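You will see two complexes here that share chain A, one where it goes with chain B and one where it goes with chain C.
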Partner chain A sequence: METSSSLSFLLTIPLLAVVISWVIPKALQRIYAIFGSALILALTVYETSGILFSSTTEAAKAYFVDQRLEWVSELGLSAGFRLDGVSAWFLVLSALTTLVAFYLRGIWYRKQPRLFVSMGFFLLFALNSAFLATDLITFYLSYEAVFIPMIFMVGVWGENQKASAVFRFFLMSFAGSILMLVAMFQLMSMHHAATGQWSSHLPDILKVVANVPVESLLWPGAGFLLAFAIKVPLVPFHGWLKEVYVNAPMPGTIWMSAILSKLGVVGVIRFVLPLFPAVIKEYQGALLAVSAVSVIYAALLAIRSNEGKTLLAYSSISHLGFVMLGLFSLSSEGSNAGVLLSVGHAVTSGMLFYLLHQVEERSGNLDLTTSKGLATAYPVLFSGLFIAVLASVSLPGTLNFGGEFLVLLNAYRASALCTILAALGVILGAVYMLRFFQRLGLGKTGTANPVDVLVKKDLSLADLLMVVLLVGIVIYGGINPGIFMKG
Partner chain B sequence: MHMNEIIQTLMPWLILAAGILVTLLVSVIRVESKRPAQFSALLTLVLTGVSALQTVSLPGEAIFSGSIEISSLTRILLALFSLIGVLFVVGADRYLSKEKIHLSDYYHLLLIMILGAGIMVAAKDLVVLFIALEVMSLPAYTLAGFRRNDSRSNEAAIKYFVLGGAVGAVFLLGSAFLFGATGSTQFPAIYSWSRQSVTGSNLLFAAGHFLVIVAFLFKVAAAPFHFWKPDVYEGAPTPVTGLMSTLVAVASFVTLVRLIHLPALDSTGWEVYAASIKTTIRVLAVASLVVGSLVIITQKNLKRLFAYSSISQSGYLMLGVLASLQPGHGIAPVLIYLFGYVFAAVGLFVLLSQSEPRGDTGVELVDLTGLVRRSPLRTALWSVLLFSMAGMPFTVGFFTKYFIFISSVGSGETPLVVLAAMCAVVSAYAYLRPIGLMVMRDADPGAAQWGGGFWSQLVVVVSVILVVFLGLMPNAMIQYLKGIPLIH
Partner chain C sequence: MITSMILFPLAGFVINGAWSLWSARNGTRVSPRVSGSIATTAMVAAFMAAIMARAQIPATGSIEVDCFRWFSLGSLSVDFKLRLDALSSIFTLVITGVGAMIHLYSVSYMEEDEAAGKYFAYLNLFCFMMLNLVLGGTLPQVFLGWEGVGLASYLLIGFWYREEANVAAGQKAFIMNRIGDLGFLIAMFIGYKYSGSLDLTTVEKVILPAGVGTSFVLLIFLACTGKSAQLPLFTWLPDAMAGPTPVSALIHAATMVTSGVYLLARLSPVISQSATGMAVIAGIGAATALITAIIACFQRDIKKVLAYSTVSQLGFMFAACGVGAFGAGVFHVMTHAFFKALLFLAAGSVIHGLHGEQDIFKMGGLKKKLPVTFWTFTAGWAAILGLPPFSGFFSKDEILHQALVSNSGSAWLFGVLLIAAVLTAFYMTRLYRLVFFGTPRMDQAKFDHAHESPVPMALPLVLLGVLSLAGGFAGEPVHLAHPESALSTPTWVIMIVSVIAAAIGATIAFRRYSVSEVKAEPTSDVFRIDAVYSKLFGGGLGVIASASQWLEERVVQGMIRMVAAVTDLSGNMIRVLQVGSAQAYLLMMIIALVVMVFYFMKGVV
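Up next, the complex of A and B:
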């Protein structure tokens, strides 16, 4: 299993799935997508099980794999991949998220289903490649490749203002990644100046960067950080997020919130922290402050929002603020806690958006001011939603609890003030999530609800199965948080 | 040098020159059929290309008392020009018949253009360079007006001619100044003059150098010297536009680079002058990038779109020129960029010529709507070539931009690279939008029919294969072109 073939395998299987999706008949696309992504999830878990389930980080290290393929050595282009304690979990997450997204029924299986399924698998490929990349240019290309399916998602199956959402998404993301690209070029030219060779391989660059004065690393570091701050996003770079999340079709929202935002997290762990330790150290206070402000500000925005999807979108920003707080605490425990919380956020936000889609299908809209009292009509659905809400507010025993707790613990060592601020976010989180649940589920059935709401069926068995799977992961992880922390 | 050796060295050029005469004769003898002229042109180009490639690794030689230098660079460029010629002879066949302008003149005019371009890149004397420039340009004016009954084509020819005349005049004036300042019209003499003149540039030299550069800035349409280009591109017959965009552009740009390197900019006393040259190129790069990339997204006519595209290409190339001014950097990024651009552009212009005529409006974006359902293969070909223009990975367009960018960062032009990369993103929108229209939209009722015929489709396929092959395995090309020195 520790041979490099497992890496190529994890990358080629999603690509193969893209190809196969073009020959599957339209009517069978959903079945194919679900079984295909479930199979990929199983294979991913199998291939990475040595890392996932080993008891200690030391034991897991035996299964870490490095692979490097030369491409255009003249220009320093190679494809470098590394499977380790961080990337293994994100590979599993991207497969799981893809399964959840494919599982949802909706317009995407009626309008151009082939495009939807092939784009979904292509997204999985691009994500895996980005999570594994240890080569600057490989990472950049995968990072950009992720946009292609997302632009299709919003552009083809999106809601009302999809054109403007696509445009804003495109513009914001590219503005960031261009700066990252130029930062990569700067690092590569430092390598070229020192050795006379072009290389974009991270270990090569690391050797050279160690001897470069901090001042000349400031701009490259800023380029990387800005790209990831937009991707995650951190306040004040969150301007694009609401419009894109709200106008994307629900599977697109699930992918974006559960896994695309983690590209920024992995980028910081894999590239920013090792490449620019001195720069980060110098600006640690500011970075922690930005993260803490993200937590609070996004939570306040969530409290103010009156639409289900918008509220969850802001809650995503708030949770990712915690993750970044963990990473910028600059301790390996903090990073590990960030990974743990990322996993927790990915699973819970996947579950929340999944169930939100079920609510939307039944009530027709997600307006928190008019719809209410739906829990009476749909007890099973709302039980699931309640568990998801509790997981999201980090109830002890769920996946998020360990993550948030450890993040705050480690961040406190770095900055007490920021940690206290961020901890307020936990309370605010409870406020908006419970308000969200109360508005949608509790109370008497409102007159504003359409008449046919009450005649629709409760959660189907198939949907229940998915909810049970996700709840299982949340609780299993809540009890065993240690398995996620092998960075 | 012995006459035999001169003939040996000049062989590819001589074959081309002889081929022009044969083609001309053949077209006069058999007026009713175009095939003999076509065949003779093809044969000439193939022989020229092969003989240029055969001798490509031979050392450079200056002949005719140093006014022409035949080197690896000029041989490989002549081979490239011959390839462009072959592709536009084969690819234009059906277009010319369709537009009822299938005259034998197309073939020998095209050959003369190639000869002019081939001499221009080899010239080491301002006078020879001027003659070559005119040999290349005069047939181009004629070809631009080849659709004689179309007022737009006539407009294009007149505009191109007036511009070309101005370029020639400016160039001659500049040459005269350079002669006055340095006492010679030969490149090596001017170069060694600049090495000896410790006081740095004088005003006469600066004015002359400035003028010859400006002449070629017009020719390559770097902003702000670009305004003629969209009209000429739109009006000229599509294969001729393709020739301007590939053959003329490459020859002119290589010449421009050599003219910029005319004085020894790194010798003592020239620091101020070198700095001002660099500033000028930076300004040109910014202007071309911004104008090209911003205006391109508003274009609805595809030929105008590619005109603005080539303006922005001049901007990227200027970055390569800046890098080449840095000691230790060659012109490899520029050459590779030009090669990559040519391989995609040939296919794109032949594809453009495949639309059925609809009056004289040319191909609009709307004509591409729903193409995937009408013609899936053509959609795939379009997409690959447009991807290459946008610099997507796994096409040659990716490496060419990438190489320009890393060498510019390496030579300290990071802010410019930030701007160029942003422009690349903005113009990517313009290149990807046609693909969106082809794939995601239903056919517009007014959309043109498409039909190319076997031969023109073959040319596009060749271009796509080159773009993809070099996109996957560019090692050999990069290694080879890196080894080619700039001639002085």
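Up next, the complex of A and C:
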């Protein structure tokens, strides 16, 4: 398990799954996708179990793996990967999210299912490669490759015929990564200037960067930060998010909210914090403030949202503001807490969107302006949704509590003011999530349009199985959150 | 023994919860009798465990049970552990004992409800969380219980969720509690920063710098004002009466709302360090006691009178804590749990007997119709008035005494509380007189149909009646919980003054409502506090949210539209990309990348 072959294995398997999907008959695509992603999830857990289940970070370190492949060494083109306490959990999360997304029934299995499944597995490959990458070019390529399947998601299976409009929003986040690319080249040329050799490998660059004056690192640092601020996103770089989330098909929304947003989180942990410590330290106050403002501002927008998916989209920004607050508290505890909250957010938002899709199938729309009173007709579905709501408001005993609590606890030492501001989000979160649940589930029954209702029954056993799995993770993580903090 | 005490209600919750969900899915019904019996059995077992656990506590000290490591990070480690000492033992006995009686009462009360299984699951969940709150050995664990009881409260207030008003009341309770919880959270951060630990044993002894100490106390007290419905966060409690009446008795009178008193008593060594903080607690407590006693005089709904009365009595307890008499506060928690649970359950029995009537001006003459309810209610009435030898007499007199004689007490504080005591006697006697005496003010048919409640409801009434009568003699053991505030013997003068005060209030009410034609009085919230809040905070939040929305639509989306306009220049290319295949896009990206690499390197080299 601790050999580097496990890394290549983890990266190759999703690609293999893409290839196989081309020969699977259309009718079997969903079965294939579910079993394929479940198998990948199991293999990922098995291959990384040394890290995942060791009792302490120290013990986990024995299983960390570094791997470097040379491509064109004269040009410094190489590929580098690192499996450690952070990347291991994100690999598991991306496999889990893919399983949840594939599990949903919908138009994507009727219209070009082969394309959907192959894009899903390709996305998994790109994500894993980005989470593992320790090489600038490898990271950049994987980071950009993630766009391809997402554009297809919105373009082919999107909710409305607004694909070209949505495409523009993608371009905005694309613009951010161009700046990151420029920053990467600047770092590589610094390495070249210092050693006379080209390298894009993070450990090489770290050695050089340590001797570079802070002023020269300001712009590269800003390039990386801006890219990740758009990706996560942080306010005010979030403008692209709503249209994309709302117009994407539900599996696309699940991928974006649960795992794509974490590319920015991992990017900050792996690249920004080690490469630019002095720059970050210098601007820590501003970064904490931006994170806290993100929490509040997005929560206020969620309070004003009148559509279920929009509300959850803004709630996602708000939660990720907490994560970034943890990272910018600039302590290993803060980063670990940020990772824990990322895991919590990924599982919870996956579950929320998954169940929201079930609600939409039963009510025809997700309008929140009037109460639908659906809980009476679908008690099991709404019990699941309620647990997801509780996790989302970080009730103690759920996975999200530990993350949010530890983030705030550590951020308090960095800035009491920003922490208190962000903590107001705890109240606002309850305001919009309770309203969300009330408008969909509670009150008098009967505002749904029966013509639009596709499914009349409560959750099927298969759906219940998925909900039980996710609830299990939420509660287990509430009791033993330490397992997710191995960074 | 301690572990099993919390596991019984948890097991009850899991069994009834799973059963309810399963039958909901299959469209079958859960038997209220069976699910109620399961839940009640769990509580009786927990009560037994609480009694046995109490016997094991050493004379001075506590029993600690380490369950598991909850989380650790860096130098912080938080264990899940239970700690039983004299203080938490009183609370566990009240929670499980009164809880068991209210569970039993509910078996009859909820007999007709088709969601009874869910009801009993929630009730057990509440008790589990409440036990976590008082037994938790670390602050995060207390917080788990703190938010957990809030959750159970939300679920039970909005139990009949098809009525929008009930749901709104539940949400109001949850959100106002969350405002308080924010104080708890930040107080934990301060505690950790200065003590390096979140263990109660460490935090309660920490010495905080003066300013920090005051902020800590005020933040903890903010949490208490939310959970225990004190000024300014008390307005959720009257609305919380939307839930089933046994819930009002258990959660919104006897146990959950006293959590704040527990927390202050638990942290009393660190709380007492701040004189300013203590003065604020005493002041707010006394002000709450007076203001809500006034409001209670203007209510018509039997449950609302009792709700405002609860807020007022909690104010007495906080006033006691504020003058350093934590023991007196805790003593009043216990006696109040007996007589207020009794008053609520008796009110439930009246409502049950009249098939849902809650307006006291539409009652009257029920003394003969509901004899058990009448006699037990009388015991509760005497206790809350503080007539000797009923339980309330002991605890309330001690609070009055301490408010006058303790170091931080004053004549002002004593005076305010004494007026509140007069008003308490007034509104309780008004209620008592209007419900049970005089001529019936309802249809003859309704009066004829009025009936005494069945045994499962009557038995808890009788038991609580006995406790309301005799519970005051348990003062000595309660005070052992707080050796630093030993039992003081109120002087004769104070005893006589307080009994006279009660007699004045009661006499005025009796005379006023003994006329043959009682004129119905309109309900009034007197100070319009609720209306002001909804303008101020509801409106304020609305304005801020609208401002954010404006910013979002105009500025942020405007920025996006600008980016879009620029990219539209290459509109044709976008369309090509969009219909193109993955390979084409990938190829283009790689080409672009290679071009960039070479261009850039040329520039550098």
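The rule we apply is simple: the second predicted complex is superposed on the first by the 469 of 487 C-alpha atoms of A that agree within 3 Å, B and C clash if a C-alpha of one lies under 4 Å from a C-alpha of the other, contacts with A are read in each partner's own complex, and residues count from 1 in each chain.
Just so it is clear, contacts are C-beta pairs under 8 Å (C-beta built on N, C-alpha and C of every residue); 3 or more make two chains touch, one makes a residue touch a chain.
The shown structure was predicted, so the numbers you read here are calculated from the model rather than taken from an experiment.
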item	value
Partner chain in contact with A:S331 - chain B first, chain C second, else both or neither	second
Which superposed partner A:T57 touches (first chain B, second chain C, both, neither)	neither
First (chain B), second (chain C), both or neither touched by A:L179	first
Contacts of A:S49 with chain B and chain C, given as first, second, both or neither	neither
Contacts of A:S189 with chain B and chain C, given as first, second, both or neither	both
Residue contacts on chain A - larger count, chain B or chain C	C
Touched partner set for A:F405, first chain B, second chain C, both or neither	second
Partner chain in contact with A:L141 - chain B first, chain C second, else both or neither	both
Touching partner for A:N365 - first (chain B), second (chain C), both, neither	neither
Overlap of chain C and chain B interfaces on chain A (superposed complexes)	75, 141, 155, 175, 181, 185, 189, 192
List of chain C residues in touch with chain A within their complex	21, 24-25, 68-74, 76, 140, 143-144, 147-148, 151, 154, 158, 161-164, 167, 171, 174-175, 178-179, 181-182, 185-186, 188-190, 192-193, 541, 544-546, 548-549, 551-552, 555-557, 559-560, 563-564, 567-568, 574-575, 577-578, 582, 585-586, 589, 593, 596-597, 600-601, 604-605
In the complex with chain C, residue positions of chain A that touch it	75, 119, 122, 141, 144-145, 148-149, 151-152, 155, 163-165, 167-169, 171-172, 175, 181, 185, 189, 192, 236, 238-240, 297, 300-301, 303-304, 331-333, 336-337, 371, 373, 375-376, 379-380, 383, 390, 395-397, 402, 405-406, 408-410, 412-413, 416, 419-420, 423-424, 426-427, 430-431, 434-435, 438, 441-445, 458-459, 479-482, 485
Contact set on chain B toward chain A in their complex	393, 399, 402-403, 405-406, 409-410, 414, 417-418, 421-422, 425, 429, 436, 440, 474-475, 478-479, 482
List of chain A residues in touch with chain B within their complex	72-77, 141, 155-156, 170, 174-175, 178-179, 181-182, 185-186, 188-189, 192-193, 198, 219
